[in-house]
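Beneath this line is the structure, given in structure tokens, with notes to follow.
Labels for the chains are A, B, C and D, by order of writing; each one numbers its residues from 1.
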Amino acid sequence: MEKKTLLTDCPDAVGLISKITNICYKHQLNIIHNNEFVDNPNQQFFMRTELEGVFNDETFLLDLDHALPQGSHRQLISSARKRVVIMVTKEAHCLGDILVKAFDGSLDIEITAVIGNYDALQGLTEKFDIPFHHISHEGLSREEHEAALLAVVQQYLPDYVVLAKYMRILTPEFVAQLPHKIINIHHSFLPAFIGAKPYLQAYERGVKIIGATAHFVTNDLDEGPIITQNVIPVDHNFNASDMARSGRDVEKSVLSKALGLVVDDRVFVLGNRTVIL
Amino acid sequence: MEKKTLLTDCPDAVGLISKITNICYKHQLNIIHNNEFVDNPNQQFFMRTELEGVFNDETFLLDLDHALPQGSHRQLISSARKRVVIMVTKEAHCLGDILVKAFDGSLDIEITAVIGNYDALQGLTEKFDIPFHHISHEGLSREEHEAALLAVVQQYLPDYVVLAKYMRILTPEFVAQLPHKIINIHHSFLPAFIGAKPYLQAYERGVKIIGATAHFVTNDLDEGPIITQNVIPVDHNFNASDMARSGRDVEKSVLSKALGLVVDDRVFVLGNRTVIL
Amino acid sequence: MEKKTLLTDCPDAVGLISKITNICYKHQLNIIHNNEFVDNPNQQFFMRTELEGVFNDETFLLDLDHALPQGSHRQLISSARKRVVIMVTKEAHCLGDILVKAFDGSLDIEITAVIGNYDALQGLTEKFDIPFHHISHEGLSREEHEAALLAVVQQYLPDYVVLAKYMRILTPEFVAQLPHKIINIHHSFLPAFIGAKPYLQAYERGVKIIGATAHFVTNDLDEGPIITQNVIPVDHNFNASDMARSGRDVEKSVLSKALGLVVDDRVFVLGNRTVIL
Amino acid sequence: MEKKTLLTDCPDAVGLISKITNICYKHQLNIIHNNEFVDNPNQQFFMRTELEGVFNDETFLLDLDHALPQGSHRQLISSARKRVVIMVTKEAHCLGDILVKAFDGSLDIEITAVIGNYDALQGLTEKFDIPFHHISHEGLSREEHEAALLAVVQQYLPDYVVLAKYMRILTPEFVAQLPHKIINIHHSFLPAFIGAKPYLQAYERGVKIIGATAHFVTNDLDEGPIITQNVIPVDHNFNASDMARSGRDVEKSVLSKALGLVVDDRVFVLGNRTVIL
């Protein structure tokens, strides 16, 4: 007996839920959870089906492909742990949160490596017996630095790359190597305060709420599909530095929540948005 | 072309989603939205299916009953507006919120009447051209009062009775006339502070958060299945009276949200809990 | 015995709290509540002192002015109800909320009049025996329309003008007549989605949280000092219209909360931010 | 130049703010922040004053004591880091959060030791070069076990003891040794679900919100003065185990927030409540 998750993402058509569940039924696969969503403007159908049973992936997918419309995407995902590479700069909180959660099993991931453009977090990482690669950007062009980063990332063949307050901008070329595989935490409530120093921007605007946003990285800075967001209240007592300090707890819980949803195969990308089932 | 909502609540079995959606498909009914949930401990299956098409209720339900397990409940609900009777005492905020929302269409309900054990809210009610019945409890036993209340309620044949800060306890006999049809707002975050003066209790306990809970009324005071809850932060600056004042905005938005879910046919009762699809 | 609120807003200096409270003490005025804040970057001092006693405003203020630094602002405000003019367009929810709250005393204001550029909300307003002025913008230039609006506003000599989903942009000339006296509710979490159709913008950006912001109106659209903000979670199930529907409850509670703080003399303006004591 | 925090907790009297700030002024101590609160029912005055300057503690306190009413408490606290002993059982999340925060300076504390009744968290603790004491309860009476715990605690002379999901009940005798010095995190939104298995209780009650509460430990289980609380929404999809998993992020952020407030000398105890300035 195995557990697998079927993700279906296809043009909507009449009777899809019926057809897909029929096929599961026919293959004697028990549906533990099923969630579906139809995006009406785009007429796109999404379904996430947790299945249990004895799988013959090939025949099952053959039947499925036969039933689904043209232009469909479907994935049958095993329950193996996802492999993750984390990229960091200097701040410890997001990395520390993920390290502890992987350590105690709250996040079902294998952290294969941590890469930092500074070595500030080497000590913390190595406490958890995880390889740390210090790949400094100093003296290198952006392209040279990214080539070095990619070389290390690709050693580990990760399912996802997590930018845990990694502060350097990644070029489209880098991003193109890992489409919808790079998760970033931006320390503001997007689309407010994109770019640098969002807490200072927030302070100057006099907002009464600050937040953090986890999103997939695309070519446009802080513009990729949003996965999770959360906020906390602030007031006139908070200067930019206070906002940053309070904001850290939100950043880490938002990043870790988004990562949890992604590795749980719950996140579909629809244009520049996400559907989370 | 009509729109109807199918609610299914039955013992779980293999292939249910498949069977039900097949039948919709067979009857050429288009599924606009579908949400399902299986409660594993109780092995109970719930599904809410918004359908659009030309309906022949009789043949559709016949096919459905044939496919569903023994002990199943299913309802095919038209999109007609729900009829509601509201019961009040003296506080205006919950009633006022529902009156304005029914007036501007935000809540798709028909307020057939308002009943108050005081006449304090008669003026406000009649501004909206809704009949107000002042049925005082003074000088009557609980049973006599409730007989008078029921007589008026039943005139209107409401789908739901909403206790909008109606402050008198209802007997099991009254409740039994309207099983899972009475929605109450309790001014605390249940199960904390049941019974009287919850804000005073909250103040004395020194909580830093207060809330409100909308629930179906059962025989046990404030113990029925919870539909919606929400909270706001408070601090040492709030005495019980301040908590009550701030709490009112939560009470009314929680009640109105719960009422919206109920009239949208989204709320299933499972034991003493609710499943909201 | 009277109650008054003293607001002090001045350049910071050593011993200010001491000096001001000394003067209250000397004049036998009892301090019921005191809140102060120093904005360090600007070296600006703010204090809000609720006083009770027998007041001789003139001598008290004389002593105070003598003690405060140059360039200080101070106000001794009686506890009389604030007069408010509300401006509306078509949506009922914010207006309805304020009407009910003024009616039951939750908001300690006198609504002197409601002005609408459509007459859609005339019926609702007149239910509460409040004068409604329908001042259409059609066929008039912006200046002509605003001249008509101002003429009516000034009849009532309001302390504040509340834009309760009033949807037309006001010119700098209009705003200049009522500096920091116009409170607007913008249906987004500023500074995200300024301008028109913020819910559509929010939907397209795929945010997972939407909000509303109450702020003082300045010359720049949606850029004035923020008073209050709040948010609610949304997800892929919400199209722009669903976001708008859910957003209304946030809009009205944020506007009403901001209005409550303002009429309670708790809001100081500091540059483009607010200090709320 | 030094920074110190003055905490005043005394019977209310006329002119207190004036008198206290006068004394600061007289001693040439600059007030950086000042927050005060009067609890009217108890006529108790609280003030927290952050001061900067050259201190002569003795003469300053002499003047202060002379000015304050009988039965006053005042403390002039240096800015030295607080010493903390953490007690744990098996769950890592709260401990891990505090370890990382102390490591990166977000929490300004010195973790002198961690004591666990199991050794499950020894590895994690020692990664941060902090002594771990495994003091098993097995085979010992409650009194014997607590004697062993106290012996170790008192070695370190901590300012505070933090129960980071330490799961054994402490006797009044233990608590009496550390009055208002023991901070516990309870995994529910008190006063709901006191005692054991609160997530199971929450699941059975069908609540739509779960939370966590940090409080000072007193003789009564989960009844001590509440410092901080927070909540997250849940729904029918969450079984007790899911609630526990989601709840952990709330538990750790609530505990760490409460600890931050306490070591920042912001928390006063008033009866069974707290005043946080």
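The rule is short, and it goes like this: a residue touches a chain if its C-beta (ideal position, glycine included) is under 8 Å from a C-beta of that chain, and two chains touch if they have at least 3 such contacts.
According to UniProt, the chain labels map to these proteins: A, B, C, D = Formyltetrahydrofolate deformylase.
Since we're looking at a predicted model, the values are computed, not measured.
Colleague: Could you tell me the least number of steps, going only between chains that touch, from subunit C to subunit D?
Modeller: Minimum number of steps from subunit C to subunit D: 1.
Colleague: Write down the chain pair with more C-beta contact pairs when B-D is set against B-C.
Modeller: B-D
Colleague: With touch defined as above, tell me whether subunit A and subunit C contact each other through largely the same residue numbers, more than half shared, or through different ones.
Modeller: The interface is built from the same residue numbers on each side, given that over half of them are used by both copies.
Colleague: Averaged over CA atoms, how far is the centre of subunit B from the centre of subunit C? Could you give it in whole Å?
Modeller: Subunit B and subunit C have C-alpha centres separated by 35 Å.
Colleague: With chain centres defined as C-alpha means, what is the inter-centre distance between subunit B and subunit D in Å?
Modeller: Here the centre of subunit D sits 40 Å away from the centre of subunit B.
Colleague: Would you please write down the residue numbers of subunit C that are in contact with two or more other chains?
Modeller: Nothing qualifies.
Colleague: Can you list the subunit D residues touching subunit A in their complex?
Modeller: These residues of subunit D touch subunit A: 91-93, 96-97, 99-101, 103-104, 106, 124, 127-128, 245, 248-249, 253, 256-257.
Colleague: Show which residues of subunit C lie in contact with subunit A when the two form their complex.
Modeller: Contact set of subunit C toward subunit A: 37, 39-41, 189-193, 204-209, 211, 225-231, 235-237, 239, 270-276.
Colleague: If you look only at subunit C, which of its residues touch subunit D in the complex?
Modeller: Contacts found on subunit C: 14-15, 17-18, 21-22, 24-25, 30-36, 38, 233.
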